[in-house]
Every structure is written in C-alpha cells, then in structure tokens.
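Both complexes shown next keep chain A, but they swap its partner, so chain B is in the first and chain C is in the second.
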Partner chain A sequence: MRRTLGIVALVVAGLLFLPSTPAWAQKGPIKVGMLVPQTGPLAANGKDMINALELFFEEQKYRLAGRDIKLIIEDDEGKPATGLTKARGLVEGQGVHLITGPLSAAVGYAVAPYIDSKKVPALYPIVSGEDITQRKRSPYIVRVGWSSGQPSHPFGKWVYDNLKYRKIAMIGYDFAFGWEVAAGFHRTFEEAGGQVVQKLWPPLGTADFGPYLAQLRRDVDAIYAVFSGADALRFAKQFAEAGLKERLPLIGGGTFTDEHVLRSMGDEALGIVTALHYSAVVGTPANRKFAQAYEAKYKQAPSYYAEGTYVAGVALKAALEATGGDIESVDKFLAALRRVDLSDAPRGPMRFDDYGNPVQNIYVRKVEKVGGRLQNTVIHTFPNISQFWTYKAEDFLKNPVYSRDYPPCKSC
Partner chain B sequence: MEFWVIQTFNGLSYGALLFLLASGLSLIFGVMRIVNLAHGSYFLLGGYVGLSVVWRTGSFALAMLAGGLAVALIGVGMERLFLRRLQKQELAQVLMTMGFALIFQDLALLIWGGDPYSIPTPAWLTGSLRAGELVFPRYRLFVIAVAAAIALVLWLFLERTRAGAVIRAAVDDEEMARGVGINVAAVSMGVFALGAFLAALGGVVGGGFIGVYPGSDFEILPYAFVVVIVGGLGSLEGAIVGSLLVGLLDNFGKALFPELSYFTLFAPMAVILALRPTGLFGRA
Partner chain C sequence: MPGAARRGGWVVAGLGTAAVLLAAAPLFLSSYPLTLLTQALIYAIFAMSLDILLGYTGLPSLGHAAYFGVGAYAVAILATEFRAGFWTCLVAAVAAAILAGALFGPLAIRAVGTYFLMITLALGMLVWGLAFRWVSVTKGDNGISGLERPTLGPWSFADPTAFYFLSLVTFVVSAACLVVVVRSPFGMSLMGIRESEARMRSLGYNVWLHKYLAFMLAAAFAGVAGFLWAYYNGFVSPVEVQLVTSVEALLMVALGGSGTLVGPALGAGLIVFLKNFVSVYTKRWLLILGGVYICVILFAPGGIIGALKRRPR
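Right, the complex of A and B next:
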C-alpha cells in the first residue's frame, strides 16, 4: 500500500513538473547558419545572397512561426576545404539548426556528406550540380534553386521549334556547371531534330577568348554559351568586337545574362536569349514586391543569387509554420519542408519533387533595353518544369550524369 | 589563311598586354632581385583606379595616367616602407609581397565591390576594322600600339639616356655601381615606381579588353612570370620577345590543341629553361 502510494506520488510529481509547453520552446532562437563566399572572386555574388536573406529576415522582423531567428554567416571563400571547416564550426561550434548556402557547387558537394553525417537540414539556394538532387541525393538537403539542366531541357526544344535553329555550336565553362547546362540543351535540341556540331571548353580563367572565337564554326544558326560573372562580360564583349554579333545570334544558359552581370554589360548583350527559373522582371506580384524592396535597399536589380536565397527564407518560413516552429525534430521538419508548396515565390509557383528539387516555371528571356537599362524580358514561360523534364525519373537516373562527353556529340 | 592571320593577330594583342605587365616585373627583379608577387595586384588596382576615373571624367587617357601614377605611388610606398627593410632576404621579401597581394585583393573588394566591370573605351576604339573576311577589333590594335610605344620609349630610355645607363649598371653589378657613386637605393625606388606604373597601365588598358574583376590579379600573374622566365630576368629584349612568344604560344595552343592548352604553353617554357637556364636573354 505504501509502495503504491509512493508510485502515485511520484507520478503526480512527474506530472507537475511536465513542461506545459513543448520542449523546443525553451531552446531559444532558431539558429540559421549561412555558408557563403565573402572574399575571393565570388564575393559579389555571395553578397547578393546575404543581402537577400537579410532582407527577408528583416521583413519578418527576425521571427518565424513565433520563434526568434539568429543568422550566423560564415565565409567559405568558395573553397571546398574552407567550406567544410566552416560547416563544422556552424554545426558543432554554434549549434545551428539549419544550413543555407553555399554558392559554389564544389563546396556544395564537399559539405553534403558532412550534413548527412550530422543530420542537419540544409537548404541549397544556388548550387545546381545535378547529382545533389539526383544520383547522390541526401535526405537532409533540399534545393530551392535549380538543377543545371532544368532550364536547358525546355529551352533546347523551344529553340528548335520557335527560333527554328537547326545547327548550333556550343562554348562554355570547362567544369561540371558548364557541361551540365550545355548537356541539358544538347539532349533536347537533338531529340527535337537539331544538331550540335561543336562543343568548345575554354579553361577557367580564360582572359582572352580570341583563340576560341576564331575557332567557333560560322556555318551554324546560332552560338550557345554557358558563362557567368566576369567571363560572361568578357565573352559577350569580345564576341561583338570580333564582328560575330552581326553574323550569328547568341543564346545560352541563364547565368550568362543574369542580373549579377547584366548590370555591368553594355549594348553588346542586347538580343541574347537565355533560359532560367528567374528574371528580375518576372511579372508575379511577389516578384514586383521583392524586386522593389531589394532595389530600394541595395540600389540594384536582384540577381538569381538574391532571389534564390530569398526563397530559401520563404520556404523555411512555410515549413516552420507547418511544424508550429519545431525545427529540433529534424525528420518532422524535413517532411514539412519537402511538402512546402509556394504559390507566391518571386519566381512564381514552386513545390518540391520527390528528390528535393523544385518543380517551377522556366522562363525564356531576351535581353532588352527598357528605360535605359538592360533587362531579361520574359518572352516565354514554361509552367511546372521538373528537373527530369518530360522523362521518367527512373529512366533519367539510369543515364550517367551530364558531363563533357555525355550526351555524346554525334555531329561534332 | 584567315585562321592564321586572325590567330596571329590575337596572339600579338594578348602578348602586347602581357608585355606591359612583364616589362615592369622584369625591371624590378633585375635591379632589386625581388620576386614581386604583388605585381598582379598593380594590374588589378590600376584597372580599378582607371575605371573610377573613366566613370567620373569620361576620359580614357586620363584614366591611363591616373591609374599608372596612383599605383606607382603605392609601389614606392611598398618599397620604401617595407621591402627595403628586408634587403637580401629573398624568402621574407616573397612572403611580404604575397601578403601585400592578399591585402590589395581584399581592399579592392572593399572599395569597388566584387562585380565584374569592363572599362568603357572611347568611341573611336570600339568596333572593328574589316579587310574582306578578316576582322580586327580596333581595341586590340590599340593595345598593340600602346605596347609598341612603351617598348620603344623604354628601350630609348634604358639604352640612350644617362638614367638608363645607371639602371643598367645597377642591374649588372650592384656593388660596382655603388662603388662609382651611384645611389642604388634611389635607383631601386625609381625602378619600382616605373614597374608599378607599367603594370597599372596594363591594368587600365587590359580593363577595356579582359575587364576588371576580383581574381584578375592572380589569373594574369603566372603569365607574367612565364614571360619573364622565358625571356630572362631583368632584360627588356627578353620581356619583348618573351611576351610575344607567350601570347602566340598561348593563342595557337588554345586554337589548335584546345585540350592541351596549358601543355602547349608550359612545355616550350620547360624546353627553353632546360637549354638556357637563364632564359633567352638572361645573363647568369
């Protein structure tokens, strides 16, 4: 009897001390760790990412789903080894609940196994390496950006059907990003009936494109280019100076004329047609609001680096609202994150496929001058495009990942 | 035929840009035996200063002058306040110039942001000249002309003036030069300023050609070193021949064997060094 009483007393005492609020509510703010290059050649693009995330959190007054947000930014220098060290610092030193970033695909691939081993949710807004959400996908990484081939697939077919080009020569970055963006286009353009007759790969840091411009075949309908940043600026300029602009239309991957470099470009960029999941002048209400706020604060049009990272914030908010602010139950949070279905991201509607990559609009854009400023005018919208385009995911994944030699260049 | 003419022209224009950078590097090494890893930073900073001047004044000529002079001052500061304290300590000097290069890189990022820019060039330098199927961008012709003019002036200065003779004396035998009353310290400072000026001029001229962007310093530096090593340290003729050789080799390598473009540039360099360890025009 005494024993039973004792147990009852213990149970009652236990109930008394049971926290009336969920455990996480007493763990303080949600810590968001951001990996981003703040020094080195990619620093300007990293700045766009920081600007956008800070803008988002400021709009939310640094509170999501009733919890305070603490943003911790680390400089990964765009280098895999540094990125990994900084990721360790964020997770083990600072105890962040979520990682967002990085920018460089190399850093993205380098930290992925670590993220898996520590079971930390991660939102990748920029890294577009195909296998991040394909053959080497991770349960902990959700991508709010894009896969390299995603905009290229519809674009290849569209160029064949609408611009009526039949023969194309390609030139692009000699590393995974360039190969993958070009390969997506190559595949669907040839499946539609076109021919890619040349693929040139200048090494990274090619200051003078002269030797490549002289080699580009002239007996084609257009040149397809994959560059970004300083290389894009230089390539477009040297292309025009070599007298090629009057002779051959220029098309390419979306980063070629993204706002991060378009603001430095001159009239040599006019008329370039590219495809991406964003343009600063996309006509959605959310984008008008975002682009206006961004421009007011930072005095420039948002790039896809900015929009992508802003959407990481939007997706985080939606997932937290679904879990009632719980990010500590990692599996529950990840499940909620993968179910996020945004109707009003700046880029347009966006949800995730089963592999953690967005299904979203792809925009075909043409560089035009409006009000004295260059912009990526949207000339066609493909709604709800997945990373697998119209292929079945299982079939798509049976192929090797896009590379320098895949798909093989049959007509080169 | 068109291919060979255009590629030769491209190679010459890139070589001309390299000459502006490498001539200064070579001079500085010749007189002071300093391997200056901050030389690429002079190129970078020159480009940025030139960019700011063009934005404010619209004058490209002024940009070249201002870019060159501003960076020459920086060079003098580096030499007088820092490098002079480390005379004859090669390793310490190399490390210090490396440190400066990193500082300049971050400083440029802080002041000008990281966006890539292209220096707007005057209207008469944009567009291209045509001869049948051949297209020669005017700006590349301009780069070749500037480099040729600088080479001529430098040659006249070094070979035909007293100041030039003093510099040559300091290059050949520093002790002896000191012995006959040459103020080697003053010569060193002047040469450092001149070298920095030329690199910065290259940065402004290059800004209209390859652009101004973070990272250009370390992208172009290896090329400048190849030029100087192939041509021979401290020799003007070496810098001229070396830069043309590297410009042409790089260009034809990339055009003919794109997969092997680094090999076609560095293999001849290795051969030259094996046969002539001091470079084509270097003296032991």
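Right, the complex of A and C next:
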C-alpha cells in the first residue's frame, strides 16, 4: 500500500512540475496553435491541413511581420471533448496567441464558447457549420473557409437555368453537414422553379448503398449527392455499378469530388458537376504557384482542406502586417483580421462579411480527365458570393438553420 | 493481527496524504493542469461505477458510456432548454441514468461473459443512435452547446478552481458511498456472485436481483459522472456515448486494478495524464498507451493495485 501512496504522490507531483508558460510573454515568437484530427477517420484530411500550413510557414521562413512563428499542432481526434481539452492545453498550457482548425463541425461548435471565454482569436479554415458565422457567431472566430450553403445557393439557380433540370432527387449525409449543403441547393433550386422530389439520408460510413440506390427515384432529371471521403468514393462507384450513371446525371456538393477523394476515384467520377469555393485547377496566378509548390512537396494535388488552411496562413500574415506584428492587442488584431481583403489567395479574391465569413468566388466544376488525371475543371465562376447569397442577412437569420426538415420538402 | 493493523495504518495514511494533496492542488497548480485534474476526478467516478459491475460482480460491460451519456444529456437538455438549476439537473441526471439502467438491466443480466459484453455493447449503441439521430432533442451530431456552469446558493462554479472543488467533493462523496456499499453484506454477496454464481444461488441468494441492483447502482454513479462532465465541457455530443468512451472506462478499470475502487480511480488519473501530456511530446502516444496495457496484462493482470497487493509485506 505504501507503493500506492507513492504512485498517487508521483502523479500529483508530475502535474505539479509542468512547464506552464505565461500567456503574456511579450514580443517573443507568435504561437499558433493548430487543432486538427491526426488519428481517427478524418486523419487523412487533417494531414492535408497540416501539410498546407507547414508549406505556408516554410515559404515565409517561419517569420511573419518581423516576428518568429511557432506552430504547435494538437490532435483533436475529431472528437468534441478531446478538441476542447486540447484547446485548453493550447491556450492555458502553451499560451498560444491564435488557434486555427479544427476540421469537424462538432469540434468547431464545442470549442467556440471556450474561445469566446478566453478571448483568443481563432481562424476556422474548414468547419462549414452555418451557425458558426450566423446564429451562434463569435467576435473571436473568423472563418476563412465557407458556410455549407454558400456554394449551394448560386449552384441551385445555375442548375435550373443552365442544365435545365426541373426535377431532382437528393441523397446525402445524415448529419448537419449533409443537411446544410443539400438545403442551400434545395432552397434556391425551388425558388427558381424546380422541384426536389426526394431526399434520402444514409448514415456516415454506409458500406453498401444498394438499398438507397434501389429507392432513388428514376423519374428525375438528375441526382444531387452530398458525401466526402470514403463515402463519396463508394457512392460514385456503386452508382455506376448499378447502371445508373448512363441514365441519370450526377451533381452534388463540392466535397463529393474534392481533390482529397478525386485522387482515388476512377472514370465513374467523370462528368459529375459540383460547386465549391475552390478547385485545384483554378486559374489564378496564386493558385498556380500554390498548387505547384504543394504538388512538388507532397506529390499530390491540393484538396480544399489544404487550400483552406493555407489561406488561414495568408490571412494571418495580412492581419499581422496591418498591426505591425501585434497580436497581443486582441481587439486591434481582430479588427485588422476582419478588414483583410485578399487579392492573392489561391482561390481568388476574398474578403470578410460583417459576420466573419468570406465573400468569395464560387466555382461550378465538372470532373474531366486531363493528361490521364481527373480534375475539377471550372465551367462557371460566380464572383463575390456571400454566405447569404442574394438574401438580406437579417431575413436569412430569421429562418431556422438548415436541417433535415428545413426547408420543408414540399414535393417529396 | 498486527500486520493487518499496520497495513490499515498505511492505507489511512496514504488516503489522507492523497486527500490533502488533492485539496491543496489549486494552491500550486495553474489553471490548465487543474482542469485536467478535474477531468481525472470525473473519469475516476465513472471508472469506479464501472468497477461495481466489472470488479465486484464480474459483469464486463461494454456499454457503460450509455448511462454516463444519458446523465450528461439530461443535464444539457434541462439546463439549456429549461434553465434548470443545480439540484434539478443532478437529480434528473441520476434519475435518467437509473431509469436507463433499470430498462437495460433485465435485458443485459440474462447473459454472462462474452454475451453480456455483446448485449451491453448493443444497448450502448442504441443510446448512441438516439443521441445521433433524435435531432429535435439532442441536436444530433453537432451536440448541445452553450451550457453554463451551475450556481448553488451563494457559490458559482464558473471558476475552474470552484468547479474543481465541486468535482472533488462529488468524487469523495461518491467514493465513500461506493466503499460503504462494497463493504456491506450486499457488496459481499456481489463478490460471492462474482466467484461462483451457482453456489450463491444454491445458498438461497437472489442472484438476479443482486445483479439488477448492482447494474442500477453502477448506472446511477455513471450518471453522476455524466452530470459533472456536461458542466465541465459546457456541451454534450454523441461522442460521449460512443463505444470508445465505454472502452476507455474499461481500460481505466483494468489498468488500475478491478475490484479495488482505488485502482480504477488511479487508472483514470493515469490515462488522462498520458492522453494530455504525453501527446504534447509525441503524436504516437496511443502506441505508448498500448504498450502500457500490454505490460499490465502480461506482468500485472490484477492491474497496478493488484501488483502492489501481491508483493510480500
């Protein structure tokens, strides 16, 4: 029993002698804390995020606005509670000046109140949960990524006007991300005059889409799909194997054919039309440079996870240069960050709206094979798209957040 | 028996020192280690509740996170939707966990061994499915956020130190209750069931009822842990009821030593420590955790406490 005591004492003593750095160490390096899944099902996408931010800092020689940058990466495992604990570790244990990440919306929502309470600036490059910059927005969180419905709004109208589809069946992830992406499209497509006649929601990680493919209505002009990662891969493949590819065109949310999954897709992906704020082949000079450098270093085309996190770096640099490297005056830094107007982000021009979400180009992309490799060829560009599309922000925010039941499916 | 008396003295001295150290921790710990210590205490309650099933009754449950999660969700829903206070939430969390245990118990305790493991796993997944899919109540995958720390009369637990003390007091009270239970005749009968169910039955004990009560008791204290956990994080999501949470609790019990109560608490502390400090230095911390487990299973199957008890005195 004496040893039990010894162990208890050791654990407590271990906690006692932790290095606790004061958070207000003036004018040392700027500490950037990154929350990202390094283990679990989202680890591959998390790797893209780390790659891109490291690439950016290496290009800047780990110096921004005359100050050294120290990057601290923590694994949130894609779990909210772990993410929150790691965020605490970054802020209170390591004294970071800024948090960037995470990837999963659930982690994003979980750490937001903590970020608020500690008044730490945060850059969200990937989390697209609508309410992060809408009904639950925070003065400390600026999003350099997108809101789920942002690409879907213009796309819905575009599909009605240009592809002339009138009836569509939808299939997508059965959680907030899937509902929100689909709902944005649903809303503008029906407002343009089209009809969504079916919405199917398979769970995350569905191995066999057979039962869902059998249910999908055949009397429609196209199928709209929202998936990503391995689910996107399996869905596209099984859709083709079921002989549906010849009969029904596939369109969908941008992650469905994003480069992170397009790398592993085959010819079954050809012709899929999706919308997103990025494609690895966007023709801006900044993107040519970024995509080339990324490909040279990591031997693959950058995904939107990579570009988004890279832009977090670009925005951080611009804000720091505006404040002369002062990140300790949080309010001043946040004001500068929100005023950032980038002309040279890889995705094209980008600035922030009053709610901390980017106003940016939305690209309609079609999967084509160029030089033996699949790519998202841009077939139409919508400039200056905000998260509210053409609606007034106040009216938009009066509606409930997009969900499985909103907007209601009138023609189902 | 002078040896036993001396040993008893050591136990008292050890627990006393631990209590003093824990009570004094806020004096010398900065806020981050203190929040981790809070987390360790909450997990310790959770692991001890599982120990009632695993260590004392011999029922290895793989779905214990269900009761933890039910408790946490009860708090989250009541506190955000109905602005319920401290006591309402505490009572509701424990009641909800007991209710879940009362419903699942009869299904689970019909089986033993691996089958018990599988049934509890399935029941745990059922609760996870509810948390994930019943969006109108649980907010689905995004979870319920915006939960504020409670106040109790003149005290507010918003401050990390105050919340630490709340967790510490809850931990001490829970531990005391559980110690009383396992030392009572009821606890002895549970151990009897663990050793030989058939013999207990032939002696006239109502084995089913004992198991059922143990099941609900474990659920109740898991609910207490869930209650603290919801306030600690300020949000609840389906991950709390996932299989990994149940497995983690099992590992805490196994690491510390099942059937000892002190062991699971120690195991909880060790795992929180490994997870949050070792991971700062290496992202391969899971490998280290795995290594520790393999060593425990090979060299100390009774866990840390079991290994210490076996030493000659």
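Here is the rule we go by: the second predicted complex is superposed on the first by the 386 of 412 C-alpha atoms of A that agree within 3 Å, B and C clash if a C-alpha of one lies under 4 Å from a C-alpha of the other, contacts with A are read in each partner's own complex, and residues count from 1 in each chain.
Heads up, the rule we're going with is that a contact is a pair of C-beta atoms (placed from the backbone, for glycine too) under 8 Å apart; a residue touches a chain by one contact, two chains touch by 3 or more.
The shown structure was predicted, so the numbers you read here are calculated from the model rather than taken from an experiment.
I'd like to know which partner A:Lys47 touches here: chain B for first, chain C for second, both or neither.
First partner only.
By the touch definition at the top of the document, which applies to A:Arg234: first (chain B), second (chain C), both, or neither?
First partner only.
One more residue to check, A:Asp208. First (chain B), second (chain C), both or neither?
The answer is first: A:Asp208 touches chain B but not chain C.
Based on the superposed arrangement, let me know which partner A:Gly308 touches: chain B (first), chain C (second), both, or neither?
Touch status of A:Gly308: no partner.
Is A:Gly266 touching anything from chain B or chain C once the two structures are fitted on A? First, second, both or neither.
The first partner, chain B, only.
Pick one for A:Pro154: touches chain B only (first), chain C only (second), both, or neither.
Neither: A:Pro154 stays clear of chain B and chain C.
When the two structures are overlaid on chain A, which partner does A:Gly254 contact: first (chain B), second (chain C), both, or neither?
A:Gly254: touches no partner chain.
Just chain B (first), just chain C (second), both, or neither: which does A:Thr39 touch?
Once the two structures are laid over each other on A, A:Thr39 reaches both partners.
I'd like to check the shared interface: which positions of chain A are touched by both chain B and chain C across the two complexes?
39
Could you list, by residue number, the parts of chain A that touch chain C in their complex?
1-5, 7-9, 11-12, 14-16, 18, 20, 38-39, 73-75, 79-81, 84-86, 88-89, 92-93, 105-106, 109-110, 112-114, 129, 136, 174-176, 403-404
Please name which positions on chain C make contact with chain A in the complex.
My answer: residues 7, 10-11, 13-14, 17-18, 21-22, 25, 28-33, 35-37, 39, 132-133, 135, 140-143, 145-146, 229, 233-235, 237, 239-240, 262, 266, 269-270, 273, 276-277, 279-280, 283, 286, 304-305, 308, 311.
Show me the residue ranges of chain B that touch chain A in the complex, using the header's touch definition.
3, 6-7, 10-11, 13-14, 105-106, 109, 113-118, 120, 126-128, 130, 135, 137, 139-140, 206, 209-211, 213-216, 219-220, 250-255, 258, 261-262
Could you please specify the touching residues of chain A with respect to chain B in the complex?
39-47, 200-203, 205-208, 210-212, 214-215, 229-230, 233-234, 237-238, 241-243, 260-261, 263-266
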